[in-house]
Each structure stands twice: as C-alpha cells, then as structure tokens.
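Next up is a structure, given as structure tokens.
Which chain is which? They are A, B, C and D, in the order written, and residues in each are numbered from 1.
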Amino acid sequence: MPLTGNRKWLNEVIFGTDTPAGKAFDVALIWTILASVGLVLLVSVESMAGRYGELFFILEWIFTALFTVEYLLRIYCAVDRRSYVFSFYGIVDLLAILPSYLALLYTGASYLLVIRLLRVLRIFRVLKLVRYLRDANLLVRSLWQARRKILVFYAGMLVLCIIFGAMMFVVEGPRHGFTSIPKSIYWAIVTITTVGYGDIVPQTPLGQAIAALTTLIGYSIIAVPTGLVTAELASEMRHERTLHRCDNCSRADHDPDAEYCKHCGYKLAELHDLHGERAAE
Amino acid sequence: MPLTGNRKWLNEVIFGTDTPAGKAFDVALIWTILASVGLVLLVSVESMAGRYGELFFILEWIFTALFTVEYLLRIYCAVDRRSYVFSFYGIVDLLAILPSYLALLYTGASYLLVIRLLRVLRIFRVLKLVRYLRDANLLVRSLWQARRKILVFYAGMLVLCIIFGAMMFVVEGPRHGFTSIPKSIYWAIVTITTVGYGDIVPQTPLGQAIAALTTLIGYSIIAVPTGLVTAELASEMRHERTLHRCDNCSRADHDPDAEYCKHCGYKLAELHDLHGERAAE
Amino acid sequence: MPLTGNRKWLNEVIFGTDTPAGKAFDVALIWTILASVGLVLLVSVESMAGRYGELFFILEWIFTALFTVEYLLRIYCAVDRRSYVFSFYGIVDLLAILPSYLALLYTGASYLLVIRLLRVLRIFRVLKLVRYLRDANLLVRSLWQARRKILVFYAGMLVLCIIFGAMMFVVEGPRHGFTSIPKSIYWAIVTITTVGYGDIVPQTPLGQAIAALTTLIGYSIIAVPTGLVTAELASEMRHERTLHRCDNCSRADHDPDAEYCKHCGYKLAELHDLHGERAAE
Amino acid sequence: MPLTGNRKWLNEVIFGTDTPAGKAFDVALIWTILASVGLVLLVSVESMAGRYGELFFILEWIFTALFTVEYLLRIYCAVDRRSYVFSFYGIVDLLAILPSYLALLYTGASYLLVIRLLRVLRIFRVLKLVRYLRDANLLVRSLWQARRKILVFYAGMLVLCIIFGAMMFVVEGPRHGFTSIPKSIYWAIVTITTVGYGDIVPQTPLGQAIAALTTLIGYSIIAVPTGLVTAELASEMRHERTLHRCDNCSRADHDPDAEYCKHCGYKLAELHDLHGERAAE
C-alpha cells in the first residue's frame, strides 16, 4: 500500500535522501547523533560530571526528547510499521532512547551509559546519504569473499596461541606472571598480534627465546590476512571497473569515480545502480 | 583388503564424512574436543581448581574414557592398523589419552596438563568435514611456495637483530637492562617485529637513536613477507580459478565457490577433486 | 609581466632549479634548513641549553638573519608578489623567521620553539630539485585515489573503538585505570592499531578476553588499508608505465626510470612532463 | 693468469662450490661460523662467563686459529690477492680474527666482543652454495627498484614524527617524561611504527588524543611501504617467470623452481644464468 499525503511527505524527509528536505534532515540528524555521543563521553569523565552535572542532565533529556519524537515519527510514517520496529535500525533507534527512561527507575548504572553509546551505530543509517556507501560496500564485499580463508586463518592462529601459551605456562610459571593457561594464551595473543603490552613478560632465557619465536611467527603470518584481503580487493576493484561501461561507445576503462566517458563524453551510468542490478540478478 | 560388515560400517562412521552418521560423529567429536580443551584451561586456573577440583577430576576421566574408547575403535576399524597407529593423527589421538593415565603414576606434573592440550590438534582432523579445507590448502600452498624467500628473509632479519642487539649491548650496557648479548638480541627481535614490550628500553640518547632506527627498519621490512605472501596468494587464486573449468562449455571464469556453470548451468566438477588430480600428476 | 635584469636572474637562482646557480642555491638552502632544525632540537635539550646556551643564541640569530634575507629576496624577485606572500610556502617562509623576532618581546615560550620547527616543511619546496618528486606524486596520488575508502575504513574503526572502549569501561572500571570512556577509547585505539603501550591494561579475565578479541580484530583489519593502497599503487604504477611510450617506435614497456627506449634507443619524453600534461587535461 | 697445481685445487675447494670438496668445505665453514658466533653470545652472559671462562677462552683461540689459517690460505690461493684483501669479504674475514689478537694488548673491551660478532656476516659468503641466492636476489632487486619511493616515504614520515614530537613536547612537557624535542621525536617514531614501548606515555587528555591520532596515522601509512614492495615484488616475479622460457618449445609458463619444461620435458636454462645475462645487457 503506497503512502499518501502527510505520511508520504514525512517518509520522504525522514527515510529518503533524494529531496533537499531529506538531505537537510539527514545532516541535522548526523550532527545531533555526534553531539549526543560526545555528551555521553563527557558524562563518563568524573571531573566533568562533577562540575557540569546539571547541564549534562538537561542536555541528555533534550537529546532523548528529540530522538523520541523522531522514533515516533518514524513509526508513524514507515511503509511497514512492524518490520521497521523489529528491524536492526528500529531496535538501535529504540536503544537510543530507552536507557534515559530506564535511568528514572534504576539510578547510576554505568551499563545504561554504555547502551546510550550505541547511538553511534545510527550514523551508519545516515551514511546512505553520501557516495561513501559504494566504497563501504566494496570493503565489506571483499571481506565477505575472503571470510572462509580468514576463518581458517584465525583457527590456525588460535591453535598456535594455545600451544605457545601452554609452553610459556610450563616454562615461566605463575611466579613470573603466567598464573594460568588462559592468561598465558592472552599473553600469546597479545604477542602474536604484535601489540605487546608488556604487563606479562618472559623473564627466563628459555621463555624469552620462545617469546622471540612467537613474535617472529606473528610478524610473518600478519602477511596472510593482508595478502588475502589485498587479492580480494584487487579482484573486486577490477570487477567494478569492468562494470563501469559506457553505453555509447562501450569502452570500460574508466576510473571508479568517473562520471563521463573519457572517450566520447557520454554520461556514464551510476555504479550505484549497477550494484543494485547485480544484487537483483 | 576391503573392510566388511561391522568394521566397514564403523570405518564409515568414524573415519568417513559422507554419511549422515559420519557427519554426526564428527560434529559430536569436535564439541567433545573443545569441551575437554576448555576443561584443561579451567584446571590451570588456581582459584577454579581449588573450588571445583573434584568435578574437574571426574570430567577429565569421562573425557579420557570417551577418547580411549574412540581410540580403540579407530584401531579396530582402520583399513591399515599399523599405519594408523604410527600416523601423525594416530600419535595425537594417543597423546590425548596417555597423560591422564600417566597422572596416576606421577602426580601433579604440569607438563602432563600441557600435553593434554595437544588434543586441540585433533580439531584439524575433523575439519575434513567442512569445505574450509580447500581454503586452508590454498593458504598452506601459498606459504609453501614462498618458503625459500621467507627463509632468506628470516636469515637476513636475524643477522640484523644480532648486529643491532650487539650495538645496544655496547651502547646501553648491563646497567640499563641489556645484561648480555642474547638478551639484547631478544630486545632487537621484540623491537624489529614492532611488538615492543617495554621491559627492556634504551635510556641513553644514542641508544634511543639506535632503537628508533631499528623500529624504522622493522616497519619497512614488514612489507617483505607481506609482499611475498600476497604475490603468491594472488597467483594461486588465479591458478585455482582457471582450474575451475566447466566440462560442458569449457569456460573458466567462475567464482571459487560456484557450484554450477554460470553460462550453461552445468554442474561444475568439485575443486576438491581437481586438487587431488593435481597432486596425483 | 615577465621579469628582467636583476630580478630575472635572482628569480632563476632562488625559485628555479635548472641553472647551476639555482641548483647550488637549493643545495645550500637544504643544508641551512637541516642545520637550523638540528639547532632547535639541541636547544630543547636542557643539559645542552645550559652549557652552550650562548652559542645556540648566536647561531639562532645567524639562521634568522639568513632566512630573513632570503625571504625579502624572494618577495623582491617573485613574479607575483602578493600570491607568493599568501601562498602555503610563503607563510611557511615567514613562520621560519617570525618566532625569533617574537622571542624578543615574549621570553621563554616553548611554543615559539616549536613553530621554528616548521622550518622542516621548507625542505619540501627544495625537493623539486630532485627526481624524487615524481615518486612522491605517485604515492600521494595513490593515497588520494583511495581517500574515500580510507575514510569509510576509519569511520568503521572509530565506531569499533568506541564500542570496545565503552565495554572495557564497564568491565574493568576506574579502579583498573579505565577512568572514563574517552580514556577507554584511547586504550582501544592504542590496542587496535597494535601499538600497545601497556600504560592501561585489562586485569580481569573478562577484560583480558575482550582485549584479546580487540587485538585480533585490529590484526585482521590492518589488512584493509594495506590492501586498498596496494591495489591503488599497483594500478597507478601500471598506468605510469603505459604513459611512458616511445615517440619513435611507440612501444610502452619501459621501466619507470628508463631514459631511452630499450627497443630503438630513442630518447624518451620525461615522465614529469607527461604528468603535467595529464594534470592540464 | 690462471692458477695451477696446488693453488688451483685450493682455490676450487675454498672459493668454489661446485666440487664435492668445495661443498664439504663450505658446510664445515658455516658450522664453524655458527659455533663461534654462539660462543661470543655465551661469553657475554655474565653467569656463564664466570663458570666456564677458561673453556670459553680456549675455544675462542681454537676458532681464531682456524679462521687465521683459513684467511692465510684464502690469500695464498686467491686469483687476485690484492683485490681479495680489500674486498668486502676480505675485510670481514680479517675482522673475524683481528679482535682476538688485539685482546692480547687491550684487555676486557666489550667493543672487541661485538666486532667478533661480525663473523655472522661471513655466513652470506657461504650462502652462494645454496639455491637460496636467487630468492635473495629477487628480494634485494625489488627493494632496490622501490628505493626512491621508500626514501620519499621515510622523508615524509620523519617530518610527521618531528611535528608530532614537537607538539607532544609542548602539550605534555618535561614533567610527563617528554624532556626534550629529540626524546619526543623518539616517542613519535616508536608510536608511529606501532612498537609502543610504553616507557614514555602521554598523561593529559589532549596528549592522549594526539597520541591516538599518531597511532591511527601510523596504522594507515604502514600500508605504503607494504604496497610499494608488494607491487615491485609482483612485477619482478612476473618478469622472472617470463624469463624462464623453454628453449625447445618456447613456452614460458613454468614455475620459478622448475628444472624441466612441463610441456616437452626439455631441460630449462638456469634462471641464475639468465640473471647474469640480464645484468650483462
């Protein structure tokens, strides 16, 4: 059932991105989200919360009011209300306002503070506005193509970490900070990924030799996910380029951000649409 | 000599992956392995071992009993018993049960705890079940192709670490933590791989200048193994793609996970089999 | 209006790089800049400043005098004086001398010391001298091509850091160093980029598990910018190679640093010029 | 002047790698070098030097005697004695024995200990023995091809480190460990390369924000050298493959380590020789 009148107009403004009003709404929304996220960050700083606590409290309720109105309007003008409410973004929209109301009942729970931070996820819904979505799609598609190889890689790496962690537990033992095998595995993961906090550190010569071996292996296999993603990205980018074909002279060697054919000046079809077609195939 | 009757059925269930019973066995086995590995991790945590020691003891014996029965059945139904027992997985299967029995004789050795952890290697045998094996093969083959270049790279890097470590031993000396050349080499490896624990750190200006140089070199040559593996992976992935040829229309531009020819709809041969053929060439 | 006489000759020496005098001036300038930057570094070391303070003071004024003369000469011989003064390098040239004069009025401000360091940017203007510019162009162009993908990647990574930081704030809390959400986000960024200072470190088992997950994710997505830049660089390098075409036999498979056609010995056009043409298209 | 008799035979054994005696000599030499390097490492460990000092002293003189004899024989049987003595390896060979004799005059200098470690460089001369040299050549050639781009990259990174280091010096100041600009630059290098020792760490919110920015930039530009080397390596490996052409059927799709043409079984020319030809072009 197509929407009419008020609801149709509201739908175009709130959910749409093509009309000037829709764009303005999206831009206003993105700034409101960023401001409310910044507010949550400041609230968590004790010295700030002490000095400006009251101001923060008022601002928080203003943001909550704004998001509540927006949430109700979204329900009002959605094409299919039920599917909106239970969609991923529907739930994120609800989570953006719920914690403030819950805080009236339970006081001081820092968990609620963190759930408020999930508002940051709402930014992704507004990103539809910009051309960046296509590039995000490319990244996600490449990672998705490589998903099984990445999983196999992680499985192998975890087994390595378990074995190295267990060896360090035996070699260094609890008196040097390796108090249990899970903690030693935590050390192995921190080492093999080259993070190296330095909170747990081998102190015996043998332990240091094993640690050196672990870092060398970590240094070497960092190449594997990089190689995987690079190969997939290169293949996806080639694919995208061949999709970008001029309808007039049918040459296909255009840059991904080209808007006109560089051989005959004909307007190129939007890559965005082409992805849509591909998805619909 | 082909197996018959009971042994044949058992062999299909335990070693095979094609029948529903074989799949169910593999899934049950993978969960049992993970549970027993998790148990070993918990046993090593002192606070847990103190509270639930008795429960852990009972569970350990249940797992040992299960693996013992499985091991005996595997010997019983193997096509070639001797070659199973002395195969890599045959020994891993034995190591999964031996430590518990040894613990009856010698008590409290944490070494036995760690050997038990080798059970985690048994997961790889069950991975035959899934399609992930092909991707693991691709990774291993790429690393194998690049093995000599990686070795040369490691040799050069070790020489670098020895020279930088020795320089730091002279410049910083024992009073700043660089107590011996091997320890300084340990520092150089930890630095050049960009792990950087911070347990040994240069304190003189000259030492810090050398450390900065070492990190810059480490940052630069991290590119070499990455480049090697990426180039090999890209070449292997191209190779795999060309192997994936339709027997009907003989076009070969299918995605690695395609099961039907996208041009004529003909069922594509399994890539798995193709690798087998290649290995047999 | 073309320059004549004195001004023309000065312009060729100071701004130009083709005449021997122009090259000599550039080489002298680059060494003066490096020496003056080295001086600022030494001035900031307290023990050095105490001992050689007077010498440093005299040297600083010599450099300031030299740069002042150079600045005035540049204004004198510039083709378009106004556009030089307000150009990026005009402002950098002014910032190279201003702090020393300001230090006569305000004393001891370390801010002025740092602004003096901006002299290091002047090196880039002299780099026109060498052939390295083309390679710098290639790097910058590749990064520019990948700019939107890199931005999308950073946006995703920041959201990840906010969520992980917030989780750690809840799990570890102020008593383990995670005193506020912004500080926890700082920890998440330091961890996900595999820097790992170790100044803030998880101490509960759950916190360590989240930290391990964060490092693994960081280790994995480091592949994304690498893959992006590699793919762009490879494409730019291919592009550059095809631009490098012999005007005589029109083959285009020359190395980027070739100066003569390897097939017919004909002098190849400068790649530098070709880029100019491309930019002018 | 070609060598004859004794000298010719010695030359083949000591400098050559083709005769069985030459190979045996090289293998013996590589083990002697490794043993003598291991000895130097042990000597530097104080507890070991205390216990086994006398044994180490005797072993050191045995190695010195062996290397002295080898050095004299090399001079004796070299085709061109002068050019051997002043060649890179001639000097390394001399440095391998000189420190022990100098130690008779000056006692206890740890500098001599480190110069002895340069023996490790002698390993590279023996590496001619193995096929690994070709792969080393490929790596070195790729890095050499990318040398100018890598230099430009380092110049840009150093300027970034100077600017970030200076900012941190102003923001954090000496009371938080940033005692001078050179030390702050050391911090910036350690951070931007993702090493992150944690010996100097920002403590103000603004400093931590700058540190987060620095790590993000370091994380991003790590992609550049990787991309450069990967692109060069891929191009070199393609080049090598096309060089590997069968003289009989002239197909060129052989693996780099193939020795016979996979299409007609004809013996392929050594890639090693081909590189020689290329170098001689």
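Here, contacts are C-beta pairs under 8 Å (C-beta built on N, C-alpha and C of every residue); 3 or more make two chains touch, one makes a residue touch a chain.
Quantities reported herein were computed from a predicted structural model and do not represent experimental measurements.
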| item | value |
| --- | --- |
| Homomeric contact chain B-chain D: same or different residue positions, threshold half | different |
| Chain pair showing more contacts of the two, B-C and C-D | C-D |
| Most remote chain, CA-based centroid, reference being chain B | C |
| Between chain C and chain D, centroid-to-centroid distance (C-alpha), Å | 29 |
| Separation of mean Cα positions, chain C and chain B [Å, integer] | 42 |
| Two or more partner chains touched - positions in chain A | 182, 185, 194-198, 222, 226-228, 230, 234 |
| Contact set on chain D toward chain C in their complex | 148-149, 151-153, 155-156, 159, 162-163, 166-167, 169-170, 173-174, 179-182, 185, 191, 194-198, 201, 205, 208-209, 211-212, 215-216, 218-220, 222-224, 226-228, 230-231, 234-235 |
| Interface residues, chain D side, partner chain A - complex | 194-198, 226, 230 |
| Of all residues in chain B, those that touch chain A in their complex | 37, 40-41, 44-46, 110-111, 113-114, 117-118, 120-121, 123-124, 127, 131-132, 135-136, 138-139, 142-143, 150, 154, 157, 182-183, 185-186, 189-190, 193-199, 222, 225-230, 232-234, 237 |
